[in-house]
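Down below is the structure, laid out as structure tokens.
Letters A, B, C and D mark the chains in the order given here, with residues in each chain numbered from 1 onward.
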Amino acid sequence: MAARLDTGRLEAFSDGVFAIAITLLVLEISVPDDAFDDLVRAIAEQWPSYLAYVTSFLTIGALWLAHHGLFRRSSAADSVVVRLNIVLLMAVSFLPFPTSLVAEALDRGDAETTAVIFYGATLLAVSALFAAMARHIASRDELLQEGARGEVAALSSRLAPSLGFYVAVLVLAVFAPAVAAFGFLAIAVLAIVRT
Amino acid sequence: MAARLDTGRLEAFSDGVFAIAITLLVLEISVPDDAFDDLVRAIAEQWPSYLAYVTSFLTIGALWLAHHGLFRRSSAADSVVVRLNIVLLMAVSFLPFPTSLVAEALDRGDAETTAVIFYGATLLAVSALFAAMARHIASRDELLQEGARGEVAALSSRLAPSLGFYVAVLVLAVFAPAVAAFGFLAIAVLAIVRT
Amino acid sequence: MAARLDTGRLEAFSDGVFAIAITLLVLEISVPDDAFDDLVRAIAEQWPSYLAYVTSFLTIGALWLAHHGLFRRSSAADSVVVRLNIVLLMAVSFLPFPTSLVAEALDRGDAETTAVIFYGATLLAVSALFAAMARHIASRDELLQEGARGEVAALSSRLAPSLGFYVAVLVLAVFAPAVAAFGFLAIAVLAIVRT
Amino acid sequence: MAARLDTGRLEAFSDGVFAIAITLLVLEISVPDDAFDDLVRAIAEQWPSYLAYVTSFLTIGALWLAHHGLFRRSSAADSVVVRLNIVLLMAVSFLPFPTSLVAEALDRGDAETTAVIFYGATLLAVSALFAAMARHIASRDELLQEGARGEVAALSSRLAPSLGFYVAVLVLAVFAPAVAAFGFLAIAVLAIVRT
């Protein structure tokens, strides 16, 4: 029934979910009620929240750019794409939860490692789902706009190193979670700059 | 006045509500502040939240797909469709509340049964409203695109078993609420796969 | 600079705000943590929340319909329309706050009257802003689509009784706030049916 | 890869983020649970919340208008515009956090100054990012619609005084934070009226 869907409404719906997920992230940032006596310090102490906010925001921003780049070159979506896209959106929408865990756990010893790994695993899942979708589209001529095969293949193959980076930083997180948290930011910045 | 509305803005508005309802679901997931000592366990203990999140997400995702399939074949919306659609959106937007009840009540004995039935009843209401809308559109030639009558009738008749499944799982919920919670997930997965 | 704006992006932006405001309403509904012992009763006791949710939802839904009906007949937006529309959206976005006050105050004696009047005053403000915008558009030929003058004038004049209803129910709220709360629901249902 | 992007999806995505950020602002407004005994007073005492809400709402509203005015005259977005726009959206989405700090800190002595300066600095950052984007577009003929160079340059140069106002009110905030809070409102109203 959904075979060969026009990509217009799929893009609009995805954009809606990206825009909302990206904007909800700020709700996790707050200053405790009893910290208003020394607000300068309280604002400064929220740095893990800012780090998590910027990392998740730029990660979703880069994904939006890549999503746009992919569907601009697609002529239609088959049922695999539609379903993978729903699962991808489910992972993106989930991101505010691990983001808030990282924001709260950084600077807290044990919980730090767990939170950063859980966060990184979610980021890896998002990237892997997007890479699977790009690879599927690249392999079907009937989903591609004329002459876009090369570009989509290039886009698809450029996603592989990203996955490698996530795995590397996840391993790093076991030994140095705070450093790994900045590593995820670096991956996001790199993705924005390279896209 | 709203008689014979163009379906474009109706679809855009519905997509907006679906995208927001789907994305707000994550706000219900959190780890209590005093559980950061053993965060691995605390994250694992949130499984009812993940189950409720995935079920509601996939249910709304399947509805979005079916909604898209229906209005792609409509040429216009009459006042019945516009009003039914508003009530449908009201039920969809309400979903995060029973979702959070299920997430909190699973594993809690008595409240479990109540929460799962309340959740299932909301899912049934959403499905019934959509089925009523599809049936109304299928019965009016002036709302259908040329040659779409058969497809819309097929889509409409395929919704009936869904309603039956919901009723069956609701009955099951009286005896085995946790099993029924997974039953609602199964219906959602099935709807995504079949659509 | 914004003189004679195309109405497309204005409608899209307004739809976004309406869709979000309508969907955020559910966040105000919750069951206290210690009420899970008797969840059936706790769910039933939230009736003021449901009343407030349905009333606000249908009010914004009716406004969306009327907004759609108005701009479908407009050919352009001048700077007055753009500004009035921003103030209108500000009032609509504000609605979740008085909605939550009514939900919490109903059944609480004194606070009830205050909350219902505050809520009704916000609804009146929303309606008055929309009526002012419709009247402005009806009075400018250069903002109207050809031949739409009569329809927009009719739409505009049909808003006057709504304002009267709101004033009447606001007066009623001084003596019988709970009855008035249902009165606001009746106005919303009427608006949906009549639009 | 993103070089020479069509501006349509960029505008739609930006509108989504603006609409959500603007609508989330209301979530910061609430009345403490124990204040329902004297609700009239409790509602009145929330004036700093209303001030912060209206200021942030009108600031984002004015930005939306200017954003619309800018991209209506652009024919394409290069990679600088796409990236600056993502950072701009990140700053806009962040606004609800300093908004809530101002709402809570006004009338609280020391914290007042800090909160108002932090809020104003965020507003200044938003304006500076938008001004940088407008200036970049004004300087590239290949991004401009035919004959739009003059208008975009005018729009761009009109943003400079805004930046000056923000700096002036920020200095004022050191001595009279509450007055400065109203100053930010005045800048927003002025921006709406002048755009």
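The rule is short, and it goes like this: contacts are C-beta pairs under 8 Å (C-beta built on N, C-alpha and C of every residue); 3 or more make two chains touch, one makes a residue touch a chain.
What you see is a predicted model, and the numbers here were worked out from it, not measured in a lab.
Fitting subunit A to subunit D on C-alpha positions gives a rotation angle of 90 degrees, to the nearest 5. Chain centres here are Cα averages; for subunit A and subunit B they lie 25 Å apart. Between subunit A and subunit C, the centres computed from C-alpha atoms are 36 Å apart.
The set of subunit B residues that touch two or more partner chains comprises 12, 16, 20, 24, 27. Taken pairwise by the contact criterion, the protein chains form one closed cycle in which every chain touches exactly two others.
Note for the complex: subunit C touches subunit D at residues 1-2, 5-6, 9, 12-13, 16-17, 20-21, 24, 27, 82-83, 86, 89-90, 93-97, 100-101, 104-105, 108, 110-111, 114-115, 118. Interface residues of subunit D, counted against subunit C in their complex, comprise 11-12, 15-16, 18-20, 22-27, 29-31, 33, 36-37, 39-40, 43, 53-54, 57-58, 61, 64-65, 68-69, 72, 155, 192-195.
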